[in-house]
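I have placed the structure first, in the form of structure tokens, so that the comments after it can refer back to it.
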Amino acid sequence: MFVLVNLKAYPCDPVEIGAAAETVAAETGARIAVAPQAADLRAVAETGVETWAQHVSPVEHGSHTGSTLAERAAAAGAEGTLLNHSEKRLRLADIDDAVGAAERAGLDTVVCANNPAQVGAVAQLSPDAVAVEPPELIGTGTPVSQADPDVVRAAVDAASAVGDVPVYCGAGISTGDDVAAARDLGADGVLLASGVAKADDPEAALRDLVTDS
Amino acid sequence: MFVLVNLKAYPCDPVEIGAAAETVAAETGARIAVAPQAADLRAVAETGVETWAQHVSPVEHGSHTGSTLAERAAAAGAEGTLLNHSEKRLRLADIDDAVGAAERAGLDTVVCANNPAQVGAVAQLSPDAVAVEPPELIGTGTPVSQADPDVVRAAVDAASAVGDVPVYCGAGISTGDDVAAARDLGADGVLLASGVAKADDPEAALRDLVTDS
Amino acid sequence: MFVLVNLKAYPCDPVEIGAAAETVAAETGARIAVAPQAADLRAVAETGVETWAQHVSPVEHGSHTGSTLAERAAAAGAEGTLLNHSEKRLRLADIDDAVGAAERAGLDTVVCANNPAQVGAVAQLSPDAVAVEPPELIGTGTPVSQADPDVVRAAVDAASAVGDVPVYCGAGISTGDDVAAARDLGADGVLLASGVAKADDPEAALRDLVTDS
Amino acid sequence: MFVLVNLKAYPCDPVEIGAAAETVAAETGARIAVAPQAADLRAVAETGVETWAQHVSPVEHGSHTGSTLAERAAAAGAEGTLLNHSEKRLRLADIDDAVGAAERAGLDTVVCANNPAQVGAVAQLSPDAVAVEPPELIGTGTPVSQADPDVVRAAVDAASAVGDVPVYCGAGISTGDDVAAARDLGADGVLLASGVAKADDPEAALRDLVTDS
């Protein structure tokens, strides 16, 4: 199970969480990645943890101001990127272009979707993985694997129908039991955010997450 | 073959073109629809021609200003709507919601896409049809069926792999030969715009389009 | 006092409200305009009431799909347009272009803003009027003139500092007393929506609005 | 004269240009800042040069994915930020919020505008400076100070009418003569991009820029 921690714009210390994730990953052999804001990619990557961008722009080199080029995210140390998170929804054509941009730059991609139909749609664009995150469950503390297990199963089916695309699930994940439940539903990983970023002890929260997974 | 004429924001008379399309459709038995701007839906529908919206909003009734609700497009006489045209690209989640909104209002949907991969993606969202329009060919006068026949064939394959979804093609279509070529490549219809909207004699242009189709 | 009724995407009958507004305006001599969705402009204008668009696109004639050209809003019977409503916020450059587009088409413009600083900003773009609508008060039923009278006064000052630009205010307006209070604070008109569009008896609601103004 | 070099998404080495700018600034006493992409802020700031963001998000800490919080740009070493560049146009309300966000984080702000009317508008939002960059001249090599000196003069007048807001100008600036011409028209600084970022010898280009200013 891949555990991808999205730090969003939370008032946390991204380096502290990156270092905690690296410690837990090294101890347990679990695969954990941390996705800070673009401005923090370099500092987080320097902790040694697997570092992801929260988003990269669909454009190539050129006259673009205020974008995050996949190439520069990679140069700062990112190994992958989220795309189309429900808080950063993209136009379909831009998802397509951003997956291509990430690939050119050597970044792995996880394209997010709100429901199984959208999972099927984004799976057509050849990302490395897809993620299903029902927006209404984000930040609730109720794990998607418990609140709506059928949405996870249906997402796995939708991705399988398109090809051999790994499926992650997110929204409300915060414990090792949630991770195990996601795995039992066919997911290959989990996305989470506040469960770690807002934890009093992020390292303990991460250790709990991967213990049973 | 379905012929869908997008009037865009061209400086044409939408009612004159609607009436011409209705005349040619009645004479030839061809299915022709005209898609004016939202403000012209009612006047065009009154000509008796099959009338389509160029876009409807992904929202339901509520506190939304400046939107075009599917229900109001239908009330003005629209029978269908384009969605995600390359000049009105939508976020993936909004395509999903707009298809649902159109369905609730009884509108047919054609969701546009730039390439076969995106055709496969939008076909997953259960529209009534999909359309492939390579943006680089729009307005060129070189028909997609001639400039890039493989993109039409690949789009038909991508849609077939998802389900029994009709495929239209567009970009550069202006003659009956172009329509016939599109049909021979497996398309069920064509999208066009300037070929009719900017024609000196729209009725003659329409008659030429449907003569060989 | 100008009373501008934004029908938003509420599930009301726009023609019924247009006719009611025309009746009340004729009886009382009050200036009342109704702003339906683009698809309803023509039907509302046929009631004889002063009809406004909720939004027009910043573009000119050309290859634009899904836009509402100022020229077509005017052709459908609109006499003016809202711009930059808090539910349809525009980029600054697009407000500038849309004011120009409306002017070319002979439409009056009211550019909305969230606060006095933004009122000062939009007043620089030479609209016919500006409107201040604190987003947090929209739809509350608590009139801005009562909840935050200083914001209305400050908006009037900001507009005056730029030039002789009329100021309307909105959010929570529903009675004639609210309209009178707005006038006493220096406003030249009011924007309202649910107070009329969701009223059991829109004509009575309108009559109450203009009785004391 | 303040020289602000926007590296956009050009395929340059941001650290090399940062170091060159720091060298030239130290030698000449000129004020030069470099604005890389967010992912490069930290590495550029470590060269010692005055470092600016190309954009920051209008939001505060919270559940926002893919944003660049002003606080994180500052933590990475940024001292200021461009806002509303013509390649990253913002909604008016978002310019207002982003100026506030930058201020909270201790970043200087330069808000860009396409023409003098928009300069007047953004000056109302209390940025530290405004910049006028006619989009049609960006990247042309023809300096705005020569192609359209009146637009610089009018921008200075528009900003002065609002308050004591410094005005920078951009588009086509590449030599010390261009900088001197801008100063003579009343500008307090210049924005440039390709003239340095695409130069064979960025340090020589920078030295030439500040020699006569």
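Structure notes:
Going in written order, the chains are labelled A, B, C and D, and every chain counts its residues from 1.
Simple rule for what comes next: a contact is a pair of C-beta atoms (placed from the backbone, for glycine too) under 8 Å apart; a residue touches a chain by one contact, two chains touch by 3 or more.
Bear in mind that the values here come from a model prediction, so they are computed numbers and not experimental data.
Looking at the partners of chain A and chain C together, the chains they share are B, D. The chain pair with the larger count of C-beta pairs in contact, out of A-D and C-D, is A-D. Averaged C-alpha coordinates give centres for chain A and chain D that are 33 Å from one another. Spacing of chain C relative to chain D, judged by their CA centroids, is 36 angstrom. Under the contact definition stated at the top, the residues of chain C that touch 2 or more other chains are 86.
Against chain A, in their complex, chain D makes its touches with residues 6, 8-11, 37-43, 53-55, 57, 59-69, 71-73, 75-76, 78, 82, 85-88, 138-139, 193-194.
Residue ranges on chain D touching chain C, taken from their complex, read 84, 86, 89-96, 113-115, 117-118, 120-122, 124-126, 158, 162.
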